[in-house]
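Structures follow.
Both complexes below contain chain A, partnered by chain B and then by chain C.
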Partner chain A sequence: MDPFLLEALVNGVLLGGVFALPVLGLNLVFGVVDVIWLCYAELVMVGMYAVWFLHTQAGWPLALAFAACLPVVAALGVALHLLVVRPLLGAPPINQVLATGGVLFVLQGGATLVFSTDFRSLGVEMPPMEVGEVFVSGTKLAAFVAALFGAAALWAFLKFTYVGTAIRAIARDREVMPLMGVDPRRSYLVTSAIGGTLAGFAACLLVVQLDVHPFVGLSFGPITFIICVMGGLGNMLGGFLAAFLMGILVSVGGFWWNTEMSYVVAFAFFIVVMFLRPRGLFAR
Partner chain B sequence: MTRDLALPLLVLAALACVPLLGPPEYFMHLAITALLVALACTAWALMGRFGLVSFGHGAFLGIAAYTMALLWNFQGITPWIGLPVGVALAALAGALLGWPAFRLRVVGHYFALVTLAAGEIVRILVTATRSVTGGSLGMTPDQAPPGEALAAMQLGKAGFWWLGLLAWACGLLAWRLLDRSMTSKALAAVAEDEDAAASIGIRVAREKLKVTLISTALAGLAGGLTAQYRMYLNPESLAGLGISLQIVFGAIAGGMYSPLGPTMGALFTIGLDETLRVTFGTQFIGAAPLVYGLLLVLFMLFLPRGIAGLLEVRGRTATAPAARGAATVPAAQPPRA
Partner chain C sequence: MPNASATTRRGLLQAGAAGALAATVPATARAQQSGPARGEPLRVGVMTDLSGPFAGAGSQPLFWGAEVAIELFNERGGVDGRPVQAVTADSQSRTETAINEAERLLGQERLEVITGIYSSAHAVPLAQRFEQARKVMWITSAISVAVLKVRNLRYVFRPTVHSDQYGEASVSFVHEHAQARLGMPPERVRLAAIYEDGPYGTGVAAAIEAQARSRNMPLVLKEGYSASAPDLSTLVTKLRRERPDVVLHTGYNPDITLFLRQAKAGGLRFRALIGHGAGHAQIDRLTETFGNDVNHIYNVDPVGTQMLDWSKLRPGVGDLARVFVERYQAKHRVRDLPAHASMGFNNTWVFLEHVLKPSVRRTGGLSADALREAALEVDIPVGGTIQGYGVKFVPPGNPMSGQNERSFPVVMQFEGGRGRVVWPTAIAGGPPVLPLPPSSPFALRS
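Moving on, here comes the complex of A and B:
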């Protein structure tokens, strides 16, 4: 096999790992609360700024900055839920989506105001590793492993804890579960906190690979939504698999053509999937 | 019919006289910009009010604008022909996207995200074909040779005011004709419950396609005129998520259930943009989107029917409280996935 193609494939899988976390977070929130957080990528952006600020400006060790980033973004997710989403729970879906779209502008504008439009780099790079014939970026590999770990932790939480079970139950049937003694308001709140935490986690993994600027969310936001929908909104496993599929598609497309066209192919592929399987690739 | 048309025509005639009063250039510039944004918002709301929420309307602006500009720069075809061709292509793109989506019942969130993807495709394609379109640096239509400016649709402010006014009036006329047709009734039923609507013999996909064709064609018209007025095109301002969300915001802020709502929204957003620009200047970059986003959230929370909705409720409670029920257009709620 062509080593460059192989390298593109490996990079695709690694890229999929990076997509996977925000996709899981977005999917969880949608599946449970039934609201699309259009500003999800901007929550990640805030987390990236938090890490950058704490590490390079306040001089915290990187691990501590990472650890602080999670509660910051989780709190942001809770605030988003309490201030914007909860009052709109009964409103038509478009109003909910647009309100979170407004939050997108607020966060972008706020970041520009505070940090200006300069590109900020963390300046952390791990040496590339040679695996067989393929060179793999150390940072990407570390991020990939961490993403898998995060996904596994989320799965274990949803599967084995009482709150996790309640959350899954609410996602299944939001009319009946309140009758069974599950408080949807509390579940929504916990879900929003977890969604925020996942965004914070994704921020930690992205900040070592990308420079931070106020519009960085636009570079991976749209593709995150598309992956979510392609896997089936609310279908966690489907979203997880679709993240890898999309990562490989973009990476190999970039190898054969160029990166821009590979995104065109990815978006076009998404539209076709929507036509053929409107409930997602992996709908049962 | 004639009596119904008398007042609008009078208003239109009065508006057409505006350039004759010799207003300042800056005022004319804002007025033309607002008019073209109003057309784009009206086009969006034609679909949006029936629950066909598009997050990719910027793409249709771009398709028409780039078709027109490329035909002029490379083939020397005047925008008078290029614009209709571009508008036709925008409508065709709308049909190509809409028909399968409607046939295969891609609705609600899913439809919104399909249009989002389509908008991104157009934006990236324009960027990627930079040898022809200039990519993200944008492109400028060639200056017409002296004496042929009119033939190349390179007009002064007054000319674009009249053209824009005509296009905007077309948008409102389309809205009015649609409201009088069965299509509007059918679509209102579809927005309530697609299955029920289909079961009483409404051809759901066909009715949706009709309104999509009108909406995308008008969006194309707005895009082409905007590009020709500015004499500058770039993918960020004519395709992609940013401009699409701005169109949506204009329509929502003004109120998408009333024909003049999107126009009010356009006036509001243009006014807001200019105020913020003049107040903050370049000193606090970022303050403008911050205020913008905050207002969008506040509108959604407290004024979901927009400025027009506010006036509507006031008017109705003052005159005929009984008619209030009729005013509540069904909140477009797509069937749950």
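Moving on, here comes the complex of A and C:
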């Protein structure tokens, strides 16, 4: 096999790992609360700033900055739910989307005011791995492994804990489950906290790969939404698999054609999927 | 949805925009109180990207440079006592916002001229709008040749360099040094052009391709990408496969930092990396991010004035450059001014001193037609501006009407966060470090 094609394939898988975490968080929130957090990428951006600030400005060790990032963004997720989403739970979906879209601009504007438009770098990198003619970024590989770990932890939480089971039950039928003793308000709150935590986790993985700036969400936000829809909105496993599919499509498409065309190929595939399976590739 | 978003963002960024406005308006107010400029203000539009990705890729220093020019012009009396009042607009790194803001400045604010315009992606559609409105567009940064070429525009002027000149400069530089420094004839030097896929990047890449072809130099890869792409590792893989000696990169930011980071992680090696303005001009930022890893990379741009020997400029121009550099450094605490700061100051100063002033003196007021006439009469010899070039606009009826025919770029090389001119050889501050020394993580291992 052409070693450069193999490298593109590996890059695609690693890229899928980067997309996977925000996709999981977004899908979880949509599946349970039935609201799309249009500002999800901006929660990730806040987390990236938190890590950058704590590590480079406050002098915290990187591991501690990562650990602090998770509750910070989780709290932001809870605040988003309490202040913006909950008052609009009974409102038409377009109102909910516009409201979370408004938060997107609040967070971008706030970051611009606080941190300016400068690009901030964590200055952390890991040496690349070289196997024959194939180079694999150490940073991306570490992020990929961490993403898999995060996904596994989320799966275990939803599968083996009482709260996780309640969340899955609400996601399955939010009309009936309250009649069976599940408190939807509490489930929504916990889900928002988990969604925020996943955004914080994604921030930890992205901040070592991308510069932080107020508009960094534009780099991965739109494609995250597309992956969610492609995998089936609210479908955790579908979104997870679609993230890798999209990563490989972008990477190998770019290798065979060119970098611009890679996104054309990926989006064309998305459109075809929408025609053939409007509820998503892995919708049940 | 887009309208709602824009309104929300505008509201949210009000404080930031107010800060930017305040930076200019108080300067005007100070000039009105302390300097001789006390008459009715002359209102001039200044549109740049103060938010969004372009702000960090040169648009912010472009604005700050223009700000110093207006401040200084007013302190020196404005136009016979009438100060210039900047009416600022933030195009937010978005073409639709740039168009809306231009409409606001022309319609509601009733301005006769708008200066600035950082991005070619904004300048291309805006140029036609200004032509229709018969108002003057004075471009201080956007370089794409597509802004002016074969459009026979009469109200659009660009004192700065255009994209064809960028391609010519970088390829000429490599061609000139190939044998002596790379130890190979130019026809064997493998070039690769990578670029953001907007008018700016495609314009420069097309010029590089044409120049390489005319010099019989192999262009082994020419590939565009979206400036907001989250990953460029496949591009790095393809570059490794094609083994270029020289990578010619045209990008904004953060795509440049993403590429450099992934190029290092992906084991990409070359003999030289030549950037073409925008993000590559922000050497302070690049050094902050990459430290010594960005030593010895090149940038093609109009020269940052601090790199010139001011004694060789026309009388008085060196003094103007010194005042500008001192003020800018004091205000923004930078070691080495980005090229965009000089571009913002220089091209605004040319407008104020050589177009606005004679036009207002002649007509007693501010009108686009009078400004246009004055612009076409500008005749500044080489060495007459702080960036070394002269100014003479190509008249209507020519393929590049509105372009300054005396502008020229230079090739700069960076080391320790500071730049020096290495091409054209006649004004170079010494020979280039070529190929990359072994200390560079990007240097080809033999």
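Here, the second predicted complex is superposed on the first by the 281 of 284 C-alpha atoms of A that agree within 3 Å, B and C clash if a C-alpha of one lies under 4 Å from a C-alpha of the other, contacts with A are read in each partner's own complex, and residues count from 1 in each chain.
What we mean here is this: a contact is a pair of C-beta atoms (placed from the backbone, for glycine too) under 8 Å apart; a residue touches a chain by one contact, two chains touch by 3 or more.
Bear in mind that the values here come from a model prediction, so they are computed numbers and not experimental data.
Peer 1: Judging by the criteria at the top, classify the pair chain B and chain C on chain A as clash or fit.
Peer 2: Once chain A is superposed (C-alpha atoms), there is a clash between chain B and chain C.
Peer 1: On the A-aligned overlay, A:Leu113 touches which partner chain: chain B = first, chain C = second, or both, or neither?
Peer 2: In the superposed model, A:Leu113 contacts both chain B and chain C.
Peer 1: Determine, under the contact definition given at the top, whether A:Phe105 touches first (chain B), second (chain C), both, or neither.
Peer 2: Both chain B and chain C are touched by A:Phe105.
Peer 1: In the superposed arrangement, which partner chain does A:Trp60 touch: chain B (first), chain C (second), both, or neither?
Peer 2: neither
Peer 1: Pick one for A:Pro214: touches chain B only (first), chain C only (second), both, or neither.
Peer 2: Both partners, chain B and chain C.
Peer 1: After superposition on the shared chain, which partner residues are touched by A:Leu233: those of chain B (first), chain C (second), both, or neither?
Peer 2: Touch partner of A:Leu233: chain B, not chain C.
Peer 1: Contacts for A:Phe282 in the overlay, against chain B (first) and chain C (second): which applies, first, second, both or neither?
Peer 2: neither
Peer 1: Which partner does A:Tyr263 reach: the first (chain B), the second (chain C), both, or neither?
Peer 2: In the superposition, A:Tyr263 contacts both chain B and chain C.
Peer 1: Regarding the shared-chain residue A:Asn95, is it in contact with chain B (first), chain C (second), both, or neither?
Peer 2: first
Peer 1: According to the stated criteria, A:Ile271 is in contact with first (chain B), second (chain C), both, or neither; which is it?
Peer 2: After superposition on chain A, A:Ile271 lies in contact with chain B alone.
Peer 1: What stretch of chain B clashes with chain C when the complexes are fitted on chain A: 24-32, 78-86 or 258-266?
Peer 2: Here chain B runs into chain C along 24-32, and the other listed stretches stay clear.
Peer 1: Which chain A residues are contacted by chain C in one complex and by chain B in the other?
Peer 2: 98, 101-102, 104-106, 108-110, 112-113, 117, 214, 218, 258, 260, 263
Peer 1: Could you pull out which chain C residues touch chain A in their complex?
Peer 2: Going by the criterion above, the answer is residues 1, 4-5, 8-9, 12-13, 15-16, 50-53, 55-56, 60, 93, 197, 223-226, 228-235, 237-238, 240-241, 253-254, 257-258, 261-262, 264-267, 285, 288-289, 291.
Peer 1: Give every residue of chain A touching chain C within the complex, in rising order.
Peer 2: Going through chain A, the ones touching chain C are 4, 7-8, 11, 15, 18, 98, 101-102, 104-106, 108-110, 112-113, 117-119, 121, 123, 125, 128, 130, 135, 137-140, 209-211, 213-216, 218-220, 223, 250-252, 254-255, 258-260, 262-263.
Peer 1: If you look only at chain B, which of its residues touch chain A in the complex?
Peer 2: 48, 51, 53, 97, 100-101, 104-106, 108-110, 112-114, 116-118, 120-121, 124-125, 127-128, 241-242, 245, 248-249, 252, 284-297, 299-301, 304, 331-334, 337
Peer 1: Given the complex with chain B, which residues does chain A contribute to the contact?
Peer 2: 36, 84, 87-88, 91-99, 101-114, 116-117, 214, 218, 221-222, 225-226, 229, 233, 258, 260-261, 263-264, 267-268, 270-271, 274-276, 278-279
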